[in-house]
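Next up: the structures, one after another.
Look for subunit A in each of the two complexes below; its partner is subunit B in the first and subunit C in the second.
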Partner chain A sequence: MKTEALNEEENEILQEVINIGMGQAGASLAKLLDVFVNLSVPRVSWVNGDDFVTQVAKLVEGQGDSWAGVRQAFYNQLEGEAFAIYGANGCQQLAGLMGYEDENEDGAEEELLLDVTNILVGACLVGVANQISKKLDFAAPTVVGVGKPIHELLYSRDREWDQCLLIEVNFCLEEGDFSCHLVMLMSEASIEQLRSGLVQFMESY
Partner chain B sequence: MSIALLIVDDSGFSRKAMLKSLPESWDVEITQATNGEEALEALRKGLGEVVLLDLTMPVLDGFGVLEGIRDEGLQAKVVVVSADIQPKAKLRVITLGALAFLQKPFNKESLAAVLADCEIYRED
Partner chain C sequence: MTAALGDSSLGYIIDRVDVGILVVSDSLEVVLWNRFMEANSKVSAETIVGKNLLESFPDLPGKWLEKKVKSVQLLNNFAFTSWQQRPYLFHFKHHRPITGGVTHMYQNCTFIPFEGSDGESLVCITLFDVTDTAISHREVQQAHADLEELSHRDPLTGIYNRRFMESELDKEFQRVSRYGGKLSVLFLDLDFFKKVNDTYGHQAGDQVLIEVTQRISDMVRATDCLARYGGEEFAIMLTETDTSGGLIFANRVREVIEKTPVHYGEHVIPVTASLGLSEYDEGVESYDTLLDQSDKALYVAKKQGRNRVVCYLPDM
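What follows is the complex of A and B.
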């Protein structure tokens, strides 16, 4: 059965719910790094499973050709995958901000990316789930690649959704090059849960 | 006499939620703006004695609106209503002249409390 996409009103509510989740994630990042984080307006779209990689590639077009990516799956009443995508210079800056001095330290950079991703994805999605009263659990994040072109980070042979909801939020620091695109994919199976939660959220006003 | 109230938010849902949450007895003439540029245009026309201002918006964000108000010497009582809950964001808007910061998601009660604190409107 084909899942019906969110209508305009549901989309608008979702965008606001994500905006609030993003604000919580931004505040967590600001606290971790002791910096000011610039937030941007979140973007939500309904895409074919096959189109996902192309759509994300468009979002980061012209911003470099080498990226580091971390994937974190989430499940329970909402399910899907989140990717945090970091620019190459951003990783070094992040290491500097966190006081990692020896760049060659084995695994230090990857560990840092995992920690930051865990914080951003957790704060953002928990923020969303709490507002719409849905349960959410997380798998451990994994580094999918460092210094790779974008499509190599996002490819998955196991993703079998015909359609999914693509959510993108962007964090950048006021000073320096660090930026992180947080891309979340929600499966078709989650859409009805999401829809019921959004209606409930709307009715709270 | 009614007060010129300007509601600035790029989210239509958020503007609707704000309209529904205003104190019922408050006599206001409402104008809505969907980004910072529209907000400044409305302010120049005197349509915003009181402004409820979002921060994260396209075209011109809420920080830009506060800078515009300051630079053009516009008179407005501004309450920032935002999901950007970084302590530095709050500090920055207050430094730029906002009277208060209201965290999203807001509700009738939190909005009424902030309006009363700023001595903008108090329900009897």
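What follows is the complex of A and C.
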């Protein structure tokens, strides 16, 4: 059975729910880092699984050939995998703010990527899950690659799920711009959960 | 979680589960310290509960840990650390003294924020011993590196093989064709090698290949790439070298091989070599062409009577 894509109204609600979630994420980040954080309104779109790599590549086109990718699995009523993609050195300015400046170990930059990903993915999805009253848990994030062209980070694997939610967020810090693309792949069962949650959310509105 | 078990049963499980579990307050005061933590740290729960964690373990990354605890409380979100970036949080001994070859326990940690019964904000830290994973990962990495190195080498002589040399040549070719520079390729073939095998046996033939390789190896620069191309055929990529430099090098190689016969048992085996040289210029489209040109020059050297160096000319 093929899951139907969300309809226009459901997508509008989803966009709203994600806006709220990311807004909370931005507020938390600002509080944590004690700096001014400005988040762009997230751009939300659905892409077909086969098209996923091409779409993401298009999104980041012309922004260089060096990217860092981190993946994180989430499970429970919403389940799937999240990818966060960062531009070259996009995260370095965060290092000091996150309290890594006194560490020169090899793993420090990767650990920072993992931490930021965990915060962003967590904030975004927990925000969504809370609003639509669904349970959600996370596994530890892992680094897919650093300093690689985009197609090496998101090569077309044999995917079980073909619905892919693409969320594009830009962060502005006092220190300078820092952009991040979040890509969420969800199982068909989760999309049904998402739909039922969104419908309930709409009704309670 | 629905607990049909009483608090004492749950307490027992938390204490005895094969995972380190500790709970700290926002000021890093220890609230819970399970048996895994006791056994590995040699610090009892009695001693540490109520005390500041950093005072008891001054080696912990204090500033980092304070930020971590603050961040999970603030964001009300789980956080993770992995052994791949941060090998351990607590410096514990590992449990593989014989098979380990490591100096400490590798750990994955999870930070879980929650509210205590009096509304205070607490953080539970779980600590998984992943030493086995880390060791097998390291072994796989090492085996991978060994295999990769092996796949670049010719088993008899230990120098590079044709495949590796061609990939290096391809890279160098790309570089000079984009940014300019000099590049030459030299082919070398031992003369009448079949006769050596037929007269003295294959083991003698192998010995000749090994010794000749050694002599050429001593002459090439670190930036060059010497490979056994086929049976008794060798290829040498000469970086930043034009035809005149390549000729000087090729003739030195030819002379050294001619002057020093190979000793095998009581036999003294005379060896000579024919060499073909070609240089990159803008008209050359790919590294294959360069190889092909050197091969043609080598063919001419053989035809002209062997034991000589011939440079490629367009009419060959």
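The working rule: the second predicted complex is superposed on the first by the 184 of 205 C-alpha atoms of A that agree within 3 Å, B and C clash if a C-alpha of one lies under 4 Å from a C-alpha of the other, contacts with A are read in each partner's own complex, and residues count from 1 in each chain.
Assume a residue touches a chain if its C-beta (ideal position, glycine included) is under 8 Å from a C-beta of that chain, and two chains touch if they have at least 3 such contacts.
Owing to the predicted nature of the structure, the values given are computational and were not obtained by experimental measurement.
When both complexes are superposed on subunit A, subunit B and subunit C end up sitting side by side without clashing. Shared-chain residue A:85: touches no atom of subunit B or subunit C. Contacts of A:126 after superposition: subunit C is touched, whereas subunit B is not reached.
By the touch criterion defined above, A:70 lies against neither subunit B nor subunit C after alignment on the C-alpha atoms of chain A. Angle at subunit A (Cα centre) between the Cα centres of subunit B and subunit C in the superposed arrangement: 150°, in steps of 10. Contact with neither subunit B nor subunit C is seen for A:182 once the two complexes are overlaid on the shared chain.
By the touch criterion defined above, A:36 reaches subunit B but does not reach subunit C.
By the document's definition of touching, of the two partners only subunit C reaches A:140; subunit B does not.
In the superposed pair of complexes, A:114 makes contact with subunit C only, with no contact to subunit B.
Of the two partner chains placed around the shared chain by superposition, subunit B is the only one that A:12 touches, whereas subunit C remains out of contact. Superposition on chain A places subunit B within reach of subunit C only down to 12 Å, the least C-alpha distance between them.
On subunit A, the surface patch touched by subunit B in one complex and by subunit C in the other comprises residues 31. Within the complex, the subunit B residues that touch subunit A are 10-14, 16-17, 20-21, 55-58, 82-89, 92, 104-105, 107. Across the complex, subunit B is touched by residues 9, 12-13, 15-16, 19-20, 22-24, 26-27, 30-31, 36-37, 39-41, 131, 202, 204-205 of subunit A. Subunit A makes touch with subunit C in their complex at residues 28, 31-32, 98-100, 102-103, 105, 107-108, 110-111, 114-115, 118-119, 122-123, 126, 138, 140-143.
Partner subunit A is touched in their complex by these residues of subunit C: 61, 63-64, 66-67, 70-71, 74-75, 77-82, 84-87, 108, 110.
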